[in-house]
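Supplied in structure tokens, the structure appears directly below.
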Amino acid sequence: MSDRTLAPLGRRLCPVVAHARHGAYDVVSVLDEGPAPDPGQFYMLAASERWGGGADERPFLPRAFSVLRRHEDGRLDFLFEDVGPGTRRLCELRAGDGLWLLGPLGIGFRRPEVGRRPLLVGGGVGIAPLAIWQDTLGADAQVLLGFRDARHAAGAGLLRDARVATDDGSVGHHGLVTDLLREELDGSCVVYACGPPPMLEAVRARCESAGVPAQLALESGMACGFGACFGCVVPTRSGYVRLCVDGPVLDAADLELVA
Amino acid sequence: MTPDQRPSRPGTPLSGGPRDQFLGLELAHPIINASGTFDAIAARRAFGDALLARFPFAAFVSKTVTLEPRQGNPPPRLWELAGGMINSIGLPNQGLAGYLEHDLPQLAELPVPLIVNVMGFTRGQVGELVAAFAEHEEVAALELNVSCPNVETGMIMGADPRETAALVAHVRPLTRKPLIVKLTPNCTSPGDVAAAAEAEGADAVSLINTLRGMAFDPRRPGIPWLGGGTGGVSGPAVRAVALAQVAEVRARVEVPIVGMGGVQNGRQARDMLHAGADIVAVGTESFRDPMAGARVAAELAESLAYSGIAPGPHGSRREPIAHNA
Amino acid sequence: MTPDQRPSRPGTPLSGGPRDQFLGLELAHPIINASGTFDAIAARRAFGDALLARFPFAAFVSKTVTLEPRQGNPPPRLWELAGGMINSIGLPNQGLAGYLEHDLPQLAELPVPLIVNVMGFTRGQVGELVAAFAEHEEVAALELNVSCPNVETGMIMGADPRETAALVAHVRPLTRKPLIVKLTPNCTSPGDVAAAAEAEGADAVSLINTLRGMAFDPRRPGIPWLGGGTGGVSGPAVRAVALAQVAEVRARVEVPIVGMGGVQNGRQARDMLHAGADIVAVGTESFRDPMAGARVAAELAESLAYSGIAPGPHGSRREPIAHNA
Amino acid sequence: MSDRTLAPLGRRLCPVVAHARHGAYDVVSVLDEGPAPDPGQFYMLAASERWGGGADERPFLPRAFSVLRRHEDGRLDFLFEDVGPGTRRLCELRAGDGLWLLGPLGIGFRRPEVGRRPLLVGGGVGIAPLAIWQDTLGADAQVLLGFRDARHAAGAGLLRDARVATDDGSVGHHGLVTDLLREELDGSCVVYACGPPPMLEAVRARCESAGVPAQLALESGMACGFGACFGCVVPTRSGYVRLCVDGPVLDAADLELVA
């Protein structure tokens, strides 16, 4: 038995069926006939037309994205924030366009041990894998999200009943999501986190000192997504691991530091 | 004489005909992977046994193995550029012992011949590696990665014809397996180096390895982006250089050539054959699609059938193409 | 030591401050054109005297001049590739006499210093060209294009340190004008060649020239596309290689470096300076916009002002950047 | 005095204001504030977004196009046929998109000597410079056009009163435009031609044997369009000339052969 849902071999061309804006984010839906992903798994994506010719004559390689949500009919939603030529192109996708898709890839979140209360902590585009994880865990899972400002906090609407913190105080708690974590964390929790490295590091450190297990969905630059290039390594207590095949979700206990 | 004027290469058409011959190996088609750009073991974890059923390459070349284990370079290891990328992976591997114990048994399960790529920092090290693999019948051939310095002479093993000759002369007696010398493009004359390797008994040459390149952090002016400082450029951005070097080497050697560098489709693979390669390796394009190798092979077969060109016996010396750029 | 750790280069900020110094020339900014990528005379026919009023470069480098007139290569001379192109122009020019009679008077009208690029097929020929220009005060400096074979030795003049040293030693006594040696990237060690040129009295080096490349006709399988057979690759596709070679050369010489290869904007020019260049040349990007040079200069000034980095005295030897790709 | 309308120095960004299909061709209109071009001059064009990422990771360089027509309000029309990654991208342009434009460039058609009757002969995308030339010459000018088939012959509607030949006989004369030329040519003519090389060569040879002057608008691969790269040369009786600064319109008498 495999530790992950296997990806069909080879990239496949999927039709984009919808696009929606949620504040600073674009959500693009594609129709996929592949297997249902495990929450926390990711896909390598590339627009089928005009993947290239953006800033610095890029993109060229596909880009890694967590799946935000899977619908019953096989529709997959992805969440994009325009931070460079690849995401910019993906944000432009509209119904009728084509998307190359490879996945699901990597190892996703592991279920809470019996009796442990799942606490989902995220920020920015890191909310994507938490949404599909919340869909799976159901009402048990509490969600804490941090954003820069109201425009980004609009992304919180993609999950249910999230407590929100914003850097500028425009929505919810004025401060960091880790402030909320401090309030909610107790010894019976298991924390699932995804977000920018400083947030993940704060979560890791806090869980460590609280003696609470945590699973962190990390990011790193990827060329292939299936272990071919050795480009996506992150340092762990046992040396470099390829995030695309040994992650992207790692046990916080395996990490010295998230940088 | 331009390539089309070469005596037409009689032989078996690729598509549907008998299997392709390369160094005595039976290949289902002329597309293999470039070393370090496909990890069949990791891919099997991602794709399962479908990988064995529909393996995209006609032979599998493993990532460079060194005598001792290597961690590789600190991240970031990747930089994307126009039609390509720079990698500074730094040859992470488990070392010879780890490879023999963990990787070899798994790679032996692949449905295609296995070519092991090795590198050492002295002639002696390369010799040890070659000798170690000589005994393993799962290994069909060896590829020598000579894009690294000989720590004893300070010279890049594959950048100087004498250095390369000495290396090949040292390891040739250690195995009867076919030896492929993987040339570096970062030198004055790949043709001279290839001729030196052939003279000392190399059975084939492969090229190009990556071009030395560098990038700076866009957000921290003056700080090199790559953890390793510099890295190697690959992908379509280097294809024109690869074609020119393959043509240059073809004019100098009789042995078969594995041509690679930026090949993305069948037409480009065909160009590589016309430049003088006998088989073609796909590297960076596999990152965009793990089945790229199979697609290139199918497109190539179609393109060759269409143009009526058949690949011929390997190793016919051809005339150089004029280079008066 | 990485570039940011270098002793900060004291000096005058580029933007708004006093003019930049390069080989004693006063430059309004650190962006010049790459030889062979801008014809100021033809551009004046297309754009009129606006070209003089808003000349995009701080100095003008003319296309390579040879002793005798040359027609250049048969077309096609251009091939486009991912983020770049191959040219096989073949150095068409009117020869020394034609240049002196027709071009020099017109180029003397430009509002910026004139650098003349020359090439010969023997040391004697280069010497003749250098000596001829030594007398013309319209000429501010000379650039030696050494990316061609010495027909007497059969070696590419700029690919071998001894060959380059002999050439520079031969021509150095023939002029007091600054001599810039334009290195070829198609060699094992541009650093060795640069050091040899410096040792024999070169005042500066410039790099990179084009990478040797080749392409096939997409519609006629096996026929090389370019009339010249092979050509030279330029543009963003070569930028990573250029940065690595500039850094390598910077580690070996004290003289100023003209850095070029795929620069399209101010950030990339800044990266070139960080790699070790003192001024930057824009080539292929001018084909996409004749005012690219001016835009790069403006963006660079902004970028340097923003990051608080000021260019310093030229020629401070800096530490090499690790290359353990 | 210059032999051409000078181009403003530097490329300029122009808004696309209209797109229309004419059979196999796309006509894209942009609003330009530059000078009115001479008929037969050309522009270097590149889409302002996503110029790249097409077949073979191209285009990268701008592409040369004759101006099809200039309107009183400064609108310029260009005619595109999708033959590769550059023209494909240009065919996609729609109102609101941006186009980089450099020009007008090169030397256009020279007016007929007094008493000479202008005969305009063209085919395929070669009809573009003939349209603006017809606009200038007025009713005097007779137009003969050749096309592959009816889909392409739709382009004839962009000129007035053209006699048409098609290879497949679906529209007008079944045969070559040079058949029409044979019928119409007499010693008082001056011929202006633009089209594929075999057509131009047939026109050249016929005019030569008829002793009739002809001006041919040629094509060649261009990187820059303003004499910078020396890439666009064509052989003439006096050696190679750069088509972008010494053409694209050349006197037939200067050519040995159009290949």
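Chains here go by letter, A, B, C and D, matching the order in which they are written, and residues are numbered from 1 within each.
Everything below uses one rule, namely that a contact is a pair of C-beta atoms (placed from the backbone, for glycine too) under 8 Å apart; a residue touches a chain by one contact, two chains touch by 3 or more.
All of these numbers come straight from a predicted model, not from anything done at the bench.
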State which chains count as neighbours of chain C and simultaneously of chain D.
A, B
Which chains sit in contact with both members of the pair chain B and chain D?
A, C
Pair sharing more residue contacts (C-beta pairs) when A-B is set against A-C:
A-B
Let me have the rounded angstrom distance from the C-alpha centre of chain B over to the C-alpha centre of chain C, please.
33
The distance between the C-alpha centres of chain A and chain B, rounded to whole Å, is 36
Averaging over Cα atoms per chain, report the distance between chain A and chain D in Å.
52
Centroid distance [mean C-alpha coordinates] between chain C and chain A, Å
46
Could you check chain C for residues that touch two or more other chains and list them?
81-84, 87, 235-236
Per-residue multi-chain contacts in chain D, two or more chains
52, 56-57, 59-60
Have a look at which chains touch which and call the overall pattern line, ring, star, complete or other.
complete
Residues on chain B engaged by chain D in the complex (per definition of touch)
82-83, 236, 264
Residue ranges of chain A in contact with chain D within the complex:
49-54, 57, 59-60, 89
In the complex, chain D touches chain B at residues 52, 56-57, 60
Where on chain D is chain C touching in the complex?
2, 4, 6-11, 46, 52, 56-62, 100, 102, 105, 220-224, 226-235, 239-240, 242, 245
Residue positions on chain C within touch of chain D in the complex are 36-39, 41-43, 45-48, 50-51, 54, 63, 71-72, 74-78, 80-85, 87, 89, 92, 235-236, 284, 286-291, 294
